[in-house]
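One chain, subunit A, links the two complexes that follow: it is found with subunit B in the first and with subunit C in the second.
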Partner chain A sequence: MHFDPNKMITIKIDGIPVTVPSGTKIIDAAAKIGIKIPSLCHHPDLNVRAFCRVCLVEDTWSRRLKTACNNVVDECGDVFTNTPRVREARKTVLELILANHPQDCLSCPKSGKCELQTLAQEYNLRENPFDSVFTRVPKQLDNPAIVRDMSKCVRCGRCVEACQNVQGTNAIGYHHRSVDFNIGTAFNNPLNSTACVLCGQCVAACPVGALNEKDDTEKVWDAIHDPNKHVVVQVAPAVRVAIGDDFGLPKGSVATGSMVAAMRKLGFDKVFDTNFAADLTIMEEGTELLHRIQNGGTLPMITSCSPGWVNYVEKTYPDMMPNLSTCKSPQQMFGAIAKTYYAEKNNIPKENMVVVSIMPCVAKKYECARPEMNDSGVQDVDYVLTTRELAKMIRTRGLDLAKMPEEEFDNPLGLASGAGAIFGTSGGVMEAALRSVYEMVTGKQAGDLDFVGVRGHEAIKEASLDLNGTTVKVAVTSGLKNAKVLLDKIRAGEADYHFIEVMCCPGGCVGGGGQPFRTTAAIKEKRMDGLYKVDMKSTYRQSHKNPEIHKLYEDFLGEPNGHKSHELLHTHYTQREVK
Partner chain B sequence: MSKAVSLLTKRVGKINPQSVEDYVSMGGFEGLKKALTMEPMAIIDEMLEATLLGRGGAAYPAGKKWKQLYNIEGSPKYIVCNGDEGEPGTFKDKILLRDDPMSVIEGMAIAGYVFGANDGYIYIRGEYRLIQAAFKESIEACKKAGFLGENILGSGWNYDIHVVSGAGAYVCGENSALLNSIEAQTGRPRIKPPHLAEVGLFSKPTLVNNVESFADVPLIVNMGGKAFYELGSEGDGGTKLVSICGNVNNRVVAEVGLGHVTLRDLIYDEEFGGGIPEGKELKFFHMGGQSGPIGFPEQLDTPYTAKALKKEGLSIGSGALVVLDEDMCIIDYLLKVCEFFIHESCGKCVPCREGNKQVHNILTKFKNGVATEADLELLQRLSRTMTTASFCGLGQAACTALDCCIKHRRAEFEAHMRGECPHCFPKE
Partner chain C sequence: MLNHFSDEQILAIVEENGACKENLLYILLKLQDLSPQNYIDERTANLVAERVGLSRVQMYDILTFYAMLKTKPRGKYIIEVCNSSPCYASKADRVTAILEKELGIKVGETTPDGMFTVSYMPCNGYCEIGPVIRVQGRTHGNLTEEKIKEIIDGLRNA
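And now, the complex of A and B:
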């Protein structure tokens, strides 16, 4: 706050001059000249805490070593990042961490992705001179989405930062001190009984194996190999632009075709697209919005695609549940349609059908198990896998995504518009809705289908649209801390929006809690670009132009918000107690 | 001739601590009255000339700290008095807080005037419950008499002092943890930058000084910085309160001119420590609390002043002087020091949380006679890392005592490797 970012500072790092704005952290200045300073608790998108003390450097002003993550270029002399003192201290700190860490990399789900493991290799740590002081505590398996194995926690605080300062949910925090210092829920209550929304941003932030999604891959393998089961898979929009991360493709690569091919090789009977269900969502949600506007319904209407967000409203803002659209999320609409429309059409008993979802999300694991989500008569979606779990299955199967041929989705639940594709990014649901709603009301196509005002990753985006003389005001936000700002405004009567899109995770599903590890804001942006590319290349760019959607209404549903739609595609919300 | 001084402690035991009348009758509030006639910068100049090295332990020049804060824009500014006095063996602030609280109030008021503050906070350690209550009474008495509160001495300036306390965590003596504790946050040190002078209490520019430092302020204003400086020597101005305890005949708080006595005087003179009971030999002494250095008999003739002590690898720190006699095993003692840090670490940074535990492990090997030369080397590497890499002063200083012992009494460590120590391995 007291550094002037317009003032440039030049310092020398390892003898190389680098010029950066005042207030720049040493770690970022070093990165600029290609010197990576190792760190464990540092994450470019999270507030700095300087807990781990790995990113030590030496400088000519200070008697002590400095941590590069929090010290600024204004307050240091010449910096040296690889002196014997630096190496010794970094190594000792790492050995101290390892002496209190289980040595079970072989069976750790984070192996290969673990930042501590990487550092241990980089620092050539072989035999630890310190005696192990590690004690195992039981894994916490108290919810359907997130597994917490606190034995592996290195207390770096990244999860707390994500929970408290990115999401503002405050489900977890720091407890006790010294050797008992740990991270957990208040009074160690089960995670799902707290304000936790199961967004998994803590999982995404964790550098080690302490936090993971609940693994469901073995169950999916069992289903695939069960000859009596017809196993269909749907894949969410944001997965196709992220899965490549785990196979060395450039960040943000659109891997739709090769991903479809790989999923077919895994043995799924049909490979469908959640984007199709996103188009369906627009039909239902757009109609619901117009109905609310025209009939004095509760406004603003707020999107309900994001299960973490729905959890948040139910737990923290239950008085605003009437503002939530009654539409199910695309994943759940897909499940309900797959086990009715698709099953009937193909004469498959729904009891023999298994619907698997590939989602960039861990909260979806909770969503599919909600008691409301069995409108087909059985559980609509059986298993949810994260992007990471899909990548794991592809590796298990011995497939290289980069070498897969391009294949198409199966039909009828595989054809989607570009509007469905952009559901995966913040602003996408809004843009998709506007593209269709405008036409539904005015009878003409919007001159420009790109509503760029709602794109990007700013905290809160606003736009307005003239619908036959009625100005419709919309807002878009992502990340619960930002959403809270909007909700408080609405509560206080300070906002007059008609429609708000909220995605639980910052940036939307491209930054979901189930996406490949080591995601950063910069990577999320590339994924956003990827989704807009998919949109641009799509034959149809408006949900209501999707011919398979038309067919679904003609053959099965009747009309949007009609009787059958309400039965299968809409839901209700319940206030949930928070401990 | 007596080497003891009675300046800071002149009212101790002679007045009713909660009586403004008593305090004023012995020169109280003269400093504040004078200060109100002075320009703030003139007071800071006196502080600079006084060369008052902060009495909390870090010995940062108070005048310099004041000048830095003075040049920082922003308001309100807050005055915070660190009365956490958590260093074991330190009980000199207690004497001031209990027996002459108004000297601290006066010093805080002068600081308030200098920085145009309207609120001061004094953080009195959790264990001083009775003192907290009495201190509040003193504040009320000062308000009634017009030395605090609204329109102080007709100057139009308002200033109040609030008494706050934590639950007694040692780490809350670290200034930024202390501010967190005042703000009702968890008492863990804050990340820097930003520095407290800029972003301190309630994110406002803040001055944090020790109890004794504030009590020195009225003296400095009254007698002038130069006269105050001359009470001490060698760039270390004023008098100093020393709490002497452990294996000594007199467990006392002594006031001495800095540099005018030696460590030997403090331990052996009748008016100070009075020597070691039962005629035993001095084994070592621990200065400035658990985070301070350990000294040995061959260093006894060092003058008690920052510069001379530094040459010996010693320091005043909090002003504690804990004396240990020949019956104390160094390893046993270091284990106790280590247990203290294990108990008091906030736990958020790796070197302190994990390091102290490992120091304890290795020292235990010495205690059990199973340590090797490699363990001694590892201990030193660990100490270097903790000292240089810990987040705050607590972890950085946790190995100070250990380092002194390895440096001066390596032989005792080596003897333990061989299973030789009359205390740890008594011969039947």
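And now, the complex of A and C:
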């Protein structure tokens, strides 16, 4: 049915009139006047499915119980959200869900963040009148990034929505029907053998403990407590504007200083910044781009920072692997530099070094374990923890991020420009590259360093730049469904871009699969604002102005795209079979 | 065991039956009937999915949603016992028991030699001669133990 969004409809919810555009769902109209209707399968950024039946309300038009998430204000009378009938029905629905759910909250990784747990508390559920029909199935540990514990699945379909309709990867979907209704891969193949890119958007969407990252915190604790190991940590740009979520700070708060202090308290020997490696990436990637443009290389060149995106190209668009920049991601550049340059400088045998990454990402766990990522002679990055896992370690240590003093990163791998900071948001790598490339080519500083055309949340952003008479056309996108549109255009020869930035997760790393749970598009925007604030306050706002980067090239690497850089900072791609 | 058709043969069958989403169930049933083990194997599913423009996981969703489509190998002959009310009233459970004893398997299982699978089916309209079974598209009614054994022997020696 078609609704005219210009037509306004007024209804009464619990006696309070509310005026909203035609086609508005009851749950959204209620939220507008501060009435929260509980739900499990509803998510503001995902399509409506109405699977869970928790959001029941009563209305005078149908005089029946109806779900508030998929029924519109046009087709209801006065709505009541808190009648005895409504409360009783919601309670029964929750009891039925709980009768098929393990009651092991104490040992569940989602405890405290679980939406079902929250609802059970809100509805004061104590004794379940229904007998348990729960049966445990084994956890699926078939890949290095995502753990699926389908015993805990409530079949809300949010993960499927994220996988099929947000990312368009179609790795997981629905199976069977009725009591056998379930979620999984085609023919139950192992996750990593399917089209899955391990982006973790399914994990971010899951309201319960069914989907989680593979926990590596114990291994990191062991390394920290091993006196023979020199443990350094790097932290990605998007982590500092998100970790505050798990400590009650306002959304998008820049928590860099307190986060550094907390990590030092955890016992890491050195606390470094992935933003430094992002600056290094710009040096390498910018040089590579210019080389490709000047020497007839494969264009458009596409960024390779996002491991989910790299997985996608290797699995789904292998013919476009030559378009990917050969640059490693900042995290892997950091690992290679830490175990060579830093290790040599400080006389630490690289075998005794442990490099830990804090990432907003679960695909990074797979990336660091790739066999080709050992150019230092040993595995360059040993462990990757998500933002959530770092928050967990900080709580284990008994620290409160909100009460930590502000501390600075260690040097030399801790100094970064503002350009490195904005890597964490969609458009950031592009903007950082343009800031430096413009100056590398023209010898002049760009009048305005803010290339705002590539900022923001739109699906596909375009801009062009005049470089000494050559017009360089660029595009920026995030989310694999949007990326697919661009790739198909390039394949069909309908696009004449020189450089494209693609981030796997919608909005870029601020919305990564490893970020604190309950992230929404609105929260991502606040994190983006936070990163631009970091950029504005930075002493250096262009990667090539970072003095520590200069020093690294002078003392160790030589020149961008030089022999040593190629050895340590560049990689190659391999087509991967998809089941 | 894989389907004995080549990729080209499978795609030819898809084309013959109108290669589009609208005809999908018809195509899948046709392929299942032609498969020696009465099921849609993974390779066939993926080929059809790509041809009609579905993802592999969406195809698996469809295959497991419909009871008449199977994703695991079954016997060469499927013996379906009607378990709707009229046949139930005329003692379909006795037919099931005879089949189970004769073949040494339970409903839903396949004989070790891969010859027979016994499963239930809903009413196909032959209530007046119930209880009925259906084998290879043919319905047999007015069943006795002898008649059932005769049908099975006939298939064994076919």
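Just so we're on the same page, the second predicted complex is superposed on the first by the 577 of 579 C-alpha atoms of A that agree within 3 Å, B and C clash if a C-alpha of one lies under 4 Å from a C-alpha of the other, contacts with A are read in each partner's own complex, and residues count from 1 in each chain.
FYI, a residue touches a chain if its C-beta (ideal position, glycine included) is under 8 Å from a C-beta of that chain, and two chains touch if they have at least 3 such contacts.
Please read these numbers as outputs of a predicted model, since none were measured by experiment.
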According to the stated criteria, A:Leu531 is in contact with first (subunit B), second (subunit C), both, or neither; which is it?
neither
Considering only the touch criterion stated at the top, classify A:Ala186 as touching first (subunit B), second (subunit C), both, or neither.
second
Touch check for A:Val48: first (subunit B), second (subunit C), both, or neither?
first
Winner by number of subunit A residues touched, once subunit B and subunit C are compared
B
Let me test your reading of the model: by the given contact rule, A:Pro129 touches which partner, first (subunit B), second (subunit C), both or neither?
first
A:Asn170 in the overlay: touching subunit B, subunit C, both, or neither? Say first, second, both or neither.
second
Could you say whether A:Thr194 touches subunit B, subunit C, both of them, or neither, answering first, second, both or neither?
second
Indicate the residue numbers of subunit A shared between its subunit B interface and its subunit C interface, in ascending order.
174, 176-177, 180
Subunit C-facing residues of subunit A, complex:
164, 170-177, 180, 185-187, 194-195, 579
Taking the complex as given, what residues does subunit B use to touch subunit A?
169, 171, 186, 188, 191-194, 198-199, 342-351, 353-358, 361, 374, 378, 381-382, 384-385, 387-391, 396
Can you name the residues of subunit A that touch subunit B in the complex?
1-2, 48-54, 56, 64-65, 67, 70-72, 75, 85, 88-89, 92-93, 96-97, 99-100, 129-131, 133, 154-155, 157, 174, 176-181
Subunit A contact footprint on subunit C (complex, rising order)
42, 45, 55-61, 64-65, 71
